Amino acid sequence: MSYLEIDRLSVRLRGGGPLLRQVSLTVAAGEVRGLVGESGAGKSMIGKAVLGILPRSTEITAGRIVLDGVDLLTLPPAERRRRIGATCALIPQDPLTALNPSRRIGPQITDRLVDILGWPRVRAEARARELLAEVYIPDPERVMRSYPHELSGGMRQRILIASAFAAEPKLIVADEPTTALDVTVQKQILKLIKEMQERHGTALLFVTHDLGVVSKVCQSLSVLYAGLVVEDCAVRDFFRAPGHAYSAALLAATPKYTDAVASLTPVPDTVIAAVRAEVAAADRRMSHG
Amino acid sequence: MRLLRTFLMRLATTAVTLFGVAVIVFVVIRVVPGNPIAMMLPPGATEADVARLSALYGLDKSIPQQFLIWAGGVLQGDFGTSITTRQPVLALVLGRLPATLELSVMALVMAVIIGGFAALTGTRLRGTRTEGAIDVANGMALSVPDFLWGLVLILMFGVLVPIFHISGRVTPSLDLPFVTNFYLFESLIRLRLDLWADIVAHMFMPALALAIPLSAIIGQLLKQSLKETMHLDYVTLSRTKGYGENHVILREALPNAILPTLTLVGVQFTFLIGGTVIIERLFSYEGLGNMAIDAVINRDLPLIQGIVILFAAIFTAVNLLVDLAYAALNPRLRHA
Amino acid sequence: MLDGRGSVKRRAGARLWLSAGWLAVLVLAALLAPWITPKDPLAQDLFLGRLPPFWETGAEPGYYLGTDSLGRDVLSRILYGARLALIVALVAGSITCLLGAGLGLLAGFLRGWVDVLISRFIDIWMAFPPVLFSILLIAVIGPGLGSIILAIVIIDWTRFARVVRAEAMAQGAMDYVASARVAGRGRLGIMLREILPNVLPTIVVLLTLEMGIAVIVEAILSFVNLSISTDDPTWGGMIAEGRAAVYQAWWVLVFPLITLFLTVLSFSQLGEGLKDRFDPVLR
């Protein structure tokens, strides 16, 4: 049975157009699912909906988000927050803005353990040291006493990864966790996330626009266009033979070091027209049913 | 090291500023028409009497000479003698300073409480009608200066619903056991809560009048920077940890939103202290400002000089303190 | 969200129109004062002292808002007081604006020793308690309309100088100024033709705000009894008298206070409204 099940979830801008169109997907325990699409396709929106951090300007109009057998959207807000805090975590995109500049690193890792899960402070601090060592941070003791501005971007992303795994969550949403980093650091961080995920057996919802990353980290994959899931498949199958014309075009547009010409191929207009027709059809289904 | 050097630089410019203030006041008040000496003497005094008294106060010398003598005295802690009361200026001024300090600090505390509450409530309830109402109230409070708020308060809580006193610092018939002039503070220390209540009932309206514009500035600025902070990633991250809105605002956003507000509040606090001059007059509150206006009306040159220099010194000191507080609160500077 | 933004805009518009409307009424009242005032604002009649406004018992017909302790008509004095308040607002505001903005522009654009000198003066000015400084100045130059205007100019020029200096500095660093320089424009030409137009919206907003401040300063000086003369009708003078007799005749304080309050609020709201409309800098 899947740990997370999103069932026909629709989100729209308040008083505006749809952002997610009846999105359905599942993540099994320990599975890594990639969410890919162009920017604005709504891939981050899915992660935010799961974690209950959708912007105030948006609203969920329909659907269910079932976490461990419980529909989150039917819970009272405080209860939902606690449940998410205890079982899920976020690895954010930009490590430079995701740590509070006026608080030391230590409390930013341990606060959830102490305040939400009720651990004794000493145990939480020991746990934080242990995790910092796991993400290869030398001298965890000193780092925990530091302020964010004293650390490099790569360091901070490691800290955020450690912090995400601190409460042994069952599900982690990684929202383009390497996009804001230097190319040289990207590979290390990606490897680290994969390593931590395997060691802790955590399910991962991996939001990215980079199919190369998907091929290295994920087992299954959802391709989004304009808030609509156009393909949902295993990663193996996807790279062998994409099931949807848009997916194929996306794959063709991905840089390949062996073929410089192919990497410049844009998504053809005919494919765009076809996928837009699909989106319109989905909208008609939604308004009629 | 760099911090120390900037601090010393600031001290030097402060000295220049105070010197400039002293020169300007000194020159300006000596152009005053109306001979202060003539006002002191009974009618029928002779030319010789006037000359003798002028010499006594050093008013027969040239202005640069007078300035040198005065500045030399100031450096030794002697600000001269008041012409009207014939007491040392320093003693007079220090006697009134506590009243003005207590009033200013009380007003500052009120402004921080009201403005902070408005900003936090507005942020918590952002997008609702309550936030709109807070914005409108802030705009009103900001548009009208302390003098007019003082008058409005007098009508509201002095005449319409008379619950506070509209003049004085303390009820004159009360027997005061104080050894310092910090009445508010000392009554609290001595646990004379009856006196303390009387003093607060006198101070409440002038302090509130001074506080209203400042509270609006704090409210507006803090709310704006809170709202900007609420969009940042670390706030979002904190939400995913299971924290509620109140915790997120107070623990994550507030400490970072305070810093930009702080510098501006420092400058505004000096404006508030400047405002005590007219507010003390309006409420017949026996502080420095009230004494200053009397000194101007009575042409008491040494006293005017002393008070203006003291005000200028307080202003520059407040600005210096704010810079230090900013450096102390900002971890980026603290560990630089 | 769109609705919210729309309603905010409407409110800002209403604010602008209400303020402008009140100020227009005031200008009309000031211009037409000799024809519309029911009584002579200076006429004293001790038998008619402290008459209440028309709806209270004991009111005399013709004295709509009551009389002060000397029997002078409150409404007529408020209307004549508007003349003085508006003259001070316009003249003092404009001169302060010219002086302050001019010095600020010079300091911000020329930089160097001019800037050092002007900035130092601004620092010194900021260390003066403004109200005390104005009272001192009036004591020095003596009471009168010209003195009040002069005092306001001397004290408030820094309000313009500080903002305009910073703004001119920012504009001076922009590419269009550099290209004008390359094109061979002289310094004066660049300052007046390139920088000034970009700083102008800021200056207009500050000028509106300054007019409100000038009205208040005049009222404060009249309140301390240093303004024009005790006879001439000024709002501040009326307020001073009303404050002293607030328990006996509240109307002597209330009506001039409401007028002053609305006027100051209007100038300020007009300035804020203009800021929201035109000025990307101060917002």
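We just call them A, B and C in the order they show up, numbering each chain from 1.
The criterion applied here is as follows: contacts are C-beta pairs under 8 Å (C-beta built on N, C-alpha and C of every residue); 3 or more make two chains touch, one makes a residue touch a chain.
Keep in mind the model is a prediction, meaning the values are calculated, not measured.
Engineer: As a test of whether you follow the contact definition, which chain pair has the most C-beta contact pairs?
Structural biologist: After tallying contacts for each pair, the winner is B-C.
Engineer: Relative to chain B, which chain has the most distant C-alpha mean position?
Structural biologist: Centroid comparison gives A as the farthest chain from chain B.
Engineer: Name the chain with the Cα centroid closest to the overall protein Cα centroid.
Structural biologist: Per-chain C-alpha centroids compared to the overall one single out B.
Engineer: On a C-alpha centroid basis, what's the spacing between chain B and chain C, in Å?
Structural biologist: 23
Engineer: Counting in whole Å, what is the centre-to-centre distance of chain A and chain C, each centre being its mean C-alpha position?
Structural biologist: Those two chain centres are 57 Å apart.
Engineer: With centres defined as the mean C-alpha position, give me the chain A-chain B separation in Å.
Structural biologist: The separation of the two C-alpha centroids amounts to 53 Å.
Engineer: Specify, in ascending order, the residues of chain A that touch 2 or more different other chains.
Structural biologist: Expected reply: no residues.
Engineer: When you check chain C against every other chain, which residues touch at least two of them?
Structural biologist: None at all.
Engineer: Enumerate the residues of chain B that touch no fewer than two other chains.
Structural biologist: Within chain B, residues 127 contact more than one other chain.
Engineer: Where on chain B is chain C touching in the complex?
Structural biologist: Listed in rising order, the residues of chain B that touch chain C are 13, 16-18, 20-21, 24-25, 28-29, 31-33, 127, 132, 139-140, 142-145, 147-148, 151-152, 154-155, 158-159, 166, 270, 273-275, 277-278, 281-282, 289, 292-293, 296-297, 299, 304, 307-308, 311-312, 315-316.
Engineer: Which positions of chain A touch chain B when the two form their complex?
Structural biologist: 51-53, 56, 78, 81-82, 84-86, 88-90, 92-94, 97-103, 108, 111-112, 115-116, 147, 149-150, 160
Engineer: What residues on chain B touch chain A, complex-wise?
Structural biologist: 126-127, 232-234, 236-244, 247, 252, 255-256, 330-332, 335
Engineer: Please name which positions on chain C make contact with chain B in the complex.
Structural biologist: 4, 8, 120-121, 123-124, 126-133, 135-137, 139-140, 142, 212-213, 216, 219-220, 223-224, 239, 243, 246-247, 250, 253-254, 257, 260-261, 264-265, 268-269, 272
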